[in-house]
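Below is one structure, written out as structure tokens; comments come after it.
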Amino acid sequence: MKTTYREAMRAAIRDAMQRDDRVFVMGEDVGRYGGCYAVTMGLLKEFGPERIRDTPLSESAFVGAGIGAALNGMRPIVEVMTVNFSLLALDQIMNNAATLLHMSGGQFNVPVVIRMTTGAGRQVAAQHSHSLEGWYAHIPGIRIVTPATLEDARGMLWTALVDPDPVLIFENGTLYNTSGELADDAGPVDIDHARVRRDGHDVSLITYGGTLPATMRAAEELAADGLEAEVVDLRTLRPLDEETFLASVRKTHHAVVIDEGWRSGGISGEISARIAENALYDLDAPVVRVCGAEVPIPYPRHLEQAAIPNTSRIVAAARELVGVHA
Amino acid sequence: MPSLGADMDEGTLLEWLVKPGDVVHRGDVVAVVDTAKAAMDVEIFQDGVIEKLIAEPGTTLPVGAPLAVIAGEGAVEAPAAPAAVEVPAVAPPSEIAPVVESPLVRHRAHELGVDLATIVGTGPGGVITRADVDAHAPAPPPPTKPIPAKPGRAAAIPTQGRAPVSPFARRRAAELGVDLNAVQGTGPDGAITADDVERAAAKPETAPAEPVVAKVAPAAPVVPDMQAKARAMRQAIGQLMARSKREIPHYYLSATIDLTVATDWLHQTNVDRPLSSRLVHAVLLLKASARAIHKVPEMNGFWVNDEFVPGDGVHLGVAISLRQGGLIAPAIHHADTLSLDELMDHLRDLVSRARAGRLKQSEMDPTITITNLGDQGVDSVYGVIYPPQVALVGFGKVAERPWADGGMLGVRPCVTATLAADHRASDGHRGGLYLAAIDSLLQKPEEL
Amino acid sequence: MSVDSELGVDPKHGIHLLRQMLRVRRFEEKCVELYSAEKIRGFLHVYIGEEAVATGVLEALDREDSVVTTYREHGHALLRGVSAEKVMAEMYGKVDGCSRGRGGSMHLFDKATRFFGGNAIVGGGIPLAIGVALADKLRGDNHVTACFFGDGAVAEGEFHESINLAALWKLPVLFCCENNLYAMGTAIERAQSQTDLALKAASYGVPSWPVDGMDVVAVENAARRAVEAIKAGGGPYFLELRTYRFRAHSMFDPELYRDKVEVKEWMKRDPITVFTERLRGAEAISHDDLTALEREAADEVARAVAFAEASTDEPVEQLTRFVYSEANVS
Amino acid sequence: MTTTQIDDAVRHAIGAIAPEADLSTIDPDERLRDALDIDSLDFVRLLEQLQNLTGVTVPESDYAKIATLRELTTYVEAHAG
């Protein structure tokens, strides 16, 4: 059927709440307002205020409460409006959600799911345009998934809810409106593996989330040059499915990592390190990274577009890397 | 000495609040100890009578060191730490049971992997103290040897002026037996890619596979096993010289230069100079050689891929003999632009660092090399060029020589300058001009 | 239970309260001694002087209720039912400790007794506690979550966000503020614009009572009344338990911020000595009873130390266990 | 300075320039430059060390008078305080 990323995510929430009454949604404006990005539109009328709970602007409290409720047997879906506000709840996420199981010697699980919108591209300036999923992927004890397709938007949530450990779902703001075909019986998908979205043998384009569309467009442009690019969608940043992207690099001998996050200390660095550690002698050229410019994202459109990875920068990087064929 | 905080290793006893004979009860404050943070009270954790004060006020002691002897139940000597609780821990069987009182000492021994039975306590009554345990701690294991590079893969050292080679290309070259020196790079900034190697492998008359030779003896750090290092260096120099002789068509020129003016100028300059800033002949010869390049630039650069690549400045390689044998020629960058004093400082610094094995990789890129073996009493030096450079200047001994001038025979201080040059890059005529330029520069030392 | 007029509590129950306070006092004294001998490392915050608070409050909770507390938690753990052996082994960092030795003095956990642990981030546990209560409420289980924190936490945003949310959603939380007048080195009047914390909490529409934290009977009575009201659906309650710690904030604190005279004054109101006199006055306890209580406490501490000394370290190969859940945990 | 002090100073100065040199086996009348394999630069540094240790400064004109170990030692004794 024809649907959008937003509607696929909403269907996932409805499906989960119908399956399990331990599931409830909590977050700012998720009820009466229907969700800042309208993902939870209509759910209040269907499930009532007990299970679709609007919260005051108290991120630390309601994210902490979500973690506490999970500690005590519930399966909460906590929506933090954007990753930018999650910084106010970082203490609860890092020191409680990610740590309690290990520190309690395996006694207390925290089966909470926290959804956040992430990324730039909507001209809402620096404080609302961060991409920190790579940052969160540094923390042992939580899982980080980045749905970029309709199937993943529809299928990742239930798998995350069933998982006994905290799962953070990052939804890039620019993806909500993408529309396309989705199987009527589309259901849960795995959240452990990356997936090759396009086969190729000349260069591997490794990316995730919001930059997948630009990367696919870049692959098309390169094909016109006779360069067959392989596109790897990571889907999960922690754990990182390195087998899939290493296999790709061993085949193409060239790697471009595309990541909207900042370059220094970013997940793109981690991916490059793993390639250098495991596939050095398959590299015909150094790993190239196309990342967000290391600036607070500027408000004006032209600056914002210049600051985030786009198709032409990806194409240029791949061409320069693979060099002129004899 | 009690542990009074997370990051406390030692404490300084400020004062005793009790004296021998005093009766003490659990919880009494018996002393004051100074720590990094502040002065803290020291409590006693059992009842008894102070028998003897061991530690003197003002002394600094590690945590666990005994401070006093308390006669209490069973006149047991106990540091301020509690009496050992008899614990059914499985103690290793040993003939003479070591005299250990504080669990602290037992814990320390366990921590450091020390067998208490092997220690004779130095504490009062033969008690083993914490310091005894520390003294017996086994030396840390020797650092493991670095794993040698996997055999069979050409451990190529990127040679100066040569294009970079991708790891995959290097692997293919090893697999196909292709000599990377003979491969033309088409990758980014001339890099050699796997395709280049495979194309080279496909061409019939590929050059015989030769081991890639280290360019100049690597800056061998002066490490304890001198012989191994000297042998390795000798080997590297040997290979380099052999290749130089094999590949470079040398031609040789020499000229004897009158140093009267230069020597007088040198003495006048040094008269009122402290030892630390006196100039030596060598610095005049180096500066002249560098400035002379401006007249004959084709002496200064490299022969790469059958063509002359000019140096991006006059980087003068100075041949320095390492005391245990072996020779190394690091570069003084832009030597032509330095004043004599600056050149002197560079020279002194370079010699001392070369002999201490602390040369930097960035200094191993001379564009022409000067060898000044004259000091060793040799009249003239016919050197071997360091590939891929194209020239080597040698200076013999500065000595009094018979000199004919205007029909009269006199005696003058002279030096024999020689040039060994690559005939592919220059010819004898140009070499002669170069030596003549050095000579004329040395006649006006004040302008050097 | 019959209530003796002057005593204000049933004599047998009185002895039980004294036994509990004494167990905590002797355990904490031993910890100080073991810290000096480097057996216990890192940070150590003891509960000496505040025993009446935890004793009184925990008497009012039953098995199905939950406890969330702070790093000054040894007393709460022992009184909630975590064995002295497992607590001491945890202080030694041994694998038989109640958190496999991984948490240490500040992070004691025990799922069996619904002891959701100590939190080292000031105020960090309060949002957790309202979450635990939220889950009980959503399931229709009529339980209470007791949340302990100090006067310092009242300055944290997490306290205000949490108590507002709890009041808004009428969550079954018993906020227990152990006001010992000092947030580490900062006296309360230098940290709080309004030092009457009960008055401050009341502004959220939460019934808030100041309680003499040195009187175990007063604490127990207040806690029982609050738990009853919460379980009757009255929403959260706030107890400001005014107490005092006789030793420094932690083991490396030269206590320059308060003078010895003040400490001496408060020691005159030592919850254990005062309550013992009260029991003696009402002839509810004999000298032999007292010696028996002391010996019981000493034996429990000795067993705990022996257990900890004999326990072993967790093998380093297990370092990454429980970073994530192990298979088939629903 | 006493002669032993001067001997020590000379020995120390030479040691700084040619650490591996074994002074006991050096022929006191052999040219220092040959015995110790030191060039003119090293020679200047040797004199600098001696100046620090004994206060004696050797002008360039006197270089010829201190060619051997014996000459160097007697020269320093003559000029030391």
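As written, the chains take the letters A, B, C and D, and residue 1 is the first residue of each chain.
We adopt the following convention: a residue touches a chain if its C-beta (ideal position, glycine included) is under 8 Å from a C-beta of that chain, and two chains touch if they have at least 3 such contacts.
This structure is a prediction, so every number in the text was calculated from the model and none was measured.
J.: Any chains in contact with both chain A and chain B?
T.: C
J.: Mind naming the chain pair that shares the most C-beta pairs in contact?
T.: A-C
J.: At what distance in angstrom does the C-alpha mean of chain C lie from that of chain A?
T.: 41
J.: Just how far, in Å, is the C-alpha centre of chain D from the one of chain C?
T.: Those two chain centres are 79 Å apart.
J.: Where the centres are mean C-alpha positions, what is the separation of chain A from chain D, in Å?
T.: 75
J.: Distance from the CA centroid of chain B to that of chain C, rounded to the nearest Å?
T.: 60
J.: What chain-chain pairs meet the touch criterion?
T.: Applying the touch rule to all chain pairs gives A-B, A-C, B-C, B-D.
J.: What residues on chain D touch chain B, complex-wise?
T.: These residues of chain D touch chain B: 18-20, 33-34, 37, 39-42, 44-45, 47-48, 51, 57-61.
J.: What part of chain B is in contact with chain A in the complex they form?
T.: So the residues of chain B touching chain A come out as 166-171, 186-188, 191, 193-195, 199.
J.: Enumerate the contact residues on chain B facing chain D in the complex.
T.: That would be residues 267, 270-271, 274-276, 278, 280-282, 321, 323-324, 347-348, 351, 372, 375-377 of chain B.
J.: Applying the document's contact rule, which stretches of chain C touch chain A when the two form their complex?
T.: Residues 66, 97-103, 107, 109-111, 116-117, 119, 121, 124, 126-136, 138-139, 157-158, 161-162, 164-165, 168-169, 320-326, 329-330 of chain C touch chain A in their complex.
J.: Which residues of chain A touch chain B in the complex?
T.: Touch list, chain A to chain B: 253, 280-285, 320-321, 323-326.
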